Amino acid sequence: MIEIRFHGRGGQGAVKGSDLLAMAAFREGKQVQAFPFFGVERRGAPVTAYTRISDDVIRIHCFIYEPDVLVVLDPGLMSAVPLTDGLKPGGTIVINTTLDKSAFPVTGIPDVKIATVDCSSIALRYGLGTPEAPIVNTTILGAVARATGVVSIDSVADAIRERIPNKPDLNAQAARDAYDRLHG
Amino acid sequence: MKPKIRKDGTVAVEKTGDLPDMPVSMGSMKSNKTASWRSIRPVIVEARCKRCMICWKVCPEPAIRPGDPPVVDLDYCKGCGICIAECPFDAIDSEKEGK
Amino acid sequence: MNAAETTGKRPFRLTLPEEEILSPGHLACQGCGAAMAMRYALKALGRNTILSIPACCWAVIDGPFPYSAAGVPVFHCAFETAASTAAGITHALSRLGREDVTTVAWAGDGGTFDIGLQALSGAAERNDNIIYVVYDNEAYMNTGIQRSSATPHGAWTTTTPTLQFKKGPKKNIMEIMVAHSIPYAATANIAYPEDLVKKLRKAQSIRGMRFLHVYAPCPTGWKHAPGLTVKIARMATECNVFPIYEVEEGVYTLNRRNPTPVPVAEYLKMQGRFHHLREEDVQFIQSRVDRDWQRLIKLEQAFGKAAGT
Amino acid sequence: MKKVLTGNFAAAYAAVAARVQVISAYPITPQTTIVEILSELVARGELAADFIKVESEHSALAACIGAQAAGARTFTATSAQGLALMHELIHWTGRARLPIVLANVNRAMAPGWSIWADATDAVSERDTGWMQIYCEDNQEVFDSILMAYRIGEREGVLLPTLVNLDAFFLSHTSQVVDLYDAERIDAFLPPYRPAVKLDVADPRSFGALTSPDYYYEFSFKIQKAHEAAAQAITETGKEFGTLFGRSYGLTEAYRCEDAEVVLVTYGTIAGTAKVAADRLRNRGVRAGVLKIRYFRPFPAEDVVRILGRVKAAGVVDRAVSYGQAGPFYTETRSVLPGAGPALTGFIAGLGGRDVSVADLESMFLQLREGKPSPLVWIGVKP
């Protein structure tokens, strides 16, 4: 079982992102589970969401304490919250940032793989959100597919087209763009 | 649910098995004669009765049948006296019960 | 066999439908206005009627298990749910293709003016297809005469003893219902059964929430002889304590005007519940009755058919 | 057809699959998406039902009662404060023997305001005559609602059912749910045809004044109905397995055959407890889980049969009966013979506090210490 934890801010679509990742994995025949950290969500406030992907029935129903993958929709959160707590050795962090991965040193966890991509710019190019608040949840899933291999980019694009009612094709194309541009 | 109705109209529900699943009525309140509630008895005086049927109209039970003259059903009349009070022709006498 | 039966002609005429749906043997007190109201209502509406009846006198009048006096299906529901239970019934009937059946919520003043007001307001706002009838005996009579918000100023009840009788006006339930913009609201009085039957039949011909406020004296709670029920009820309208009128789609119609209204004192003195009132209390009540009547006249002038819009 | 759905969507789609005819519900977090999706499906004509958008939960259940009594299959959903507001009518439904199905999203009671998981809301409705199911996952939510209609409408049962799903851990969690196909569901659940209903052709009064001469017997009949329900649940659960590939019973025993320690629990905690049992078995601890599906009728036979074999057992309650202990603990305790296993009552997860695999492992290990206690609060701050 692969456990993925999303970190974003209210309005960026982290919860929907965790759901779309589960949908993509489901399209590949996996058992899935996706759920938000059940806070009283307000725009701008830090948001956490979870995705579990497995070949077998998923029985566990608690938060993810030792994730295999972290997906960070807002780089500011890397320093604002204790985000890497519990990340498994050899785990992966996918970050939406204009910076190089060297800007995000992780200490205390061996063999962490960091992947960065400027999802905000990509999302804006496809008209997703506004310059003040780009919606990056679909875009970053392309990067997750590339960096982790848990799902294919085709499944991600299909899930987006199935579940996003507004601009489905542009969202899917943004994800493909991020997939292609990933600096891993 | 087939209730056993006695000759007097009352419903025979003696065993648990006779009962429906919830309290659903199986008979009419008509089996409940209310004559014993009465301390006065309305007596329609045919000679004075103009067949206006107001007594029939105002009876809350109903215990008066329209007719020529109307008939008080003494099985049910509770003796409220509305018919006596409302009769425009003073054609209903009030008699004390059990005198 | 009398002459009428042999000729097939009857030497009398009935002003109400003859069929009795309500059966005698019910458990209403002697001279009960609420029993009369039901008898007339069923005559008007016929056998294709289903009632929801909450806690109120009628929860007892209908009779105990395994009996019923109503003659039509009755769902005995929780105190505050006459309207919401009826809403469920009418939606089920509609879904099951029984548009020919009339759903009636039948509640007392406590279940309508007080505890059931929220559910009634909800059903009215949704315009659920029910006829809601409140038979108003101006207090919680089934529990033994406690004040409700339908109890009029000056009245004694067991919770408004004579030393501290009910102060303040009766809640104007009609105005509350009219404010919901329902298609039909009317007052009626058991002393005018032909009018009551006519209004229920009119209500039956309309879809949506229809509301009838029916005046129904209670000899036990009002402390009058049971034989005087109809007289007192009639006098309530004749002295303008209980005007009878209709509001159809916001249009007011006064059904009865009294050229020389009976003084309210005449009405009050017939009932033990008002015997403690002093002369100035009676005058105060008279002034409020006059004021409310004038208000109603103005409503008719402003929003009646003659107003012309 | 399989879909990825939240528990709330699974509940709504189950109502659609059951072809309910009247819905009446009022929104409350975290149940709200159930009423939203049903509003949408009714508006689109995908469900041929009347949706009465009432002004309170009290009216929601009142309307369902009226509709069900008039012969329609009805559905409602609520949570916590809403369930508590319905309480009077919860009793009404049970005593009226109306097989209404209510999806309740288990949420904590205020104050302080909490929208998070806690079963105290539902457990408080214990004595109302309703059947109560607690679901472990979204498939079970869907399946349980379908079975609840079939079982509840059965002659001799005629009982309403509270189908419980944990706030957020199911209500807002997406999982794979098989929605089956409509033909098979229709064959499993025929249209609702009550033997007695509000019918102008057969006028009767329902629920009239009932004297002590009869009230007692009506109560006795509700008890008998629960006994009949226990049988119906077992039979229907097996039949469901034959038709749809998933069998259900009053309980589910997980790795209990050779267990030395067993945790009795319900809802989503049961699933996490299974994972904890698996991990402990890898470390040589023979752990098992007894999931209670039905709180009412209470599965006394299953509990006695399975716990009778083990040395020590614990009951994990995400609910509490103040002044006593966990409600499932006291129920379990009450049916075990004096010589039964040493039994410990754990309180965990109230108000949405997460119950982790590590928490459950610690409970299993505590059972092995042989010091049973009726009331252990897991993770309470010192």
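Which chain is which? They are A, B, C and D, in the order written, and residues in each are numbered from 1.
Here is the rule we go by: a residue touches a chain if its C-beta (ideal position, glycine included) is under 8 Å from a C-beta of that chain, and two chains touch if they have at least 3 such contacts.
Keep in mind the model is a prediction, meaning the values are calculated, not measured.
Colleague: Would you mind telling me which chain pair, B-C or C-D, is linked by more contacting C-beta pairs?
Modeller: More C-beta contacts join the chains of C-D.
Colleague: As a quick test, compute the distance in whole Å between the mean CA positions of chain A and chain C.
Modeller: About 65 Å, centre to centre.
Colleague: Just the number, please: Cα centre separation of chain B and chain C in whole Å.
Modeller: Going by mean C-alpha positions, chain B sits 23 Å from chain C.
Colleague: How far is the middle of chain C from the middle of chain D, if each middle is the mean of its Cα atoms, in Å?
Modeller: The computed centroid separation for chain C versus chain D comes out at 44 Å.
Colleague: Averaging only over C-alpha atoms, locate the centres of chain B and chain D and give their separation in whole Å.
Modeller: 51
Colleague: Of all residues in chain D, which are in touch with two or more distinct other chains?
Modeller: 204-208, 210, 214 - these are the residues of chain D that touch more than one other chain.
Colleague: Please list all residues of chain B that touch 2 or more other chains.
Modeller: As it turns out, chain B has residues touching two or more other chains at 13, 23-26.
Colleague: Note the residues in chain A that touch 2 or more other chains, in rising order.
Modeller: Counting only residues that touch two or more other chains, chain A contributes none.
Colleague: Could you list each pair of chains that touch, in label order?
Modeller: The set of touching chain pairs is A-D, B-C, B-D, C-D.
Colleague: Taking the complex as given, what residues does chain D use to touch chain C?
Modeller: Where chain D meets chain C, its residues are 21-22, 24, 48-50, 52-56, 58-59, 62-72, 74, 88-89, 92, 198-200, 202-211, 214.
Colleague: So in the complex, the part of chain C that touches chain B is made up of which residues?
Modeller: 2-4, 10-16, 18, 20, 22-28, 30-33, 35-36, 39, 62-63, 65-69, 71, 74, 193, 219, 225-231
Colleague: Taking the touch rule as given, give the residues of chain A at its contact with chain D in the complex, in rising order.
Modeller: 19, 22-23, 26, 31-36, 38, 40, 58-63, 65
Colleague: So in the complex, the part of chain B that touches chain C is made up of which residues?
Modeller: Contacts found on chain B: 3, 11, 13, 23-34, 37, 51-53, 56-58, 60-63, 66-68, 73, 75-76, 78-82, 84-86.
Colleague: Under the touch definition given earlier, write down the residues of chain D that touch chain A in their complex.
Modeller: It comes out as residues 2, 4, 30, 115-116, 136-137, 166-170, 172-176, 268-269, 271-272, 274-275, 352, 354-358.
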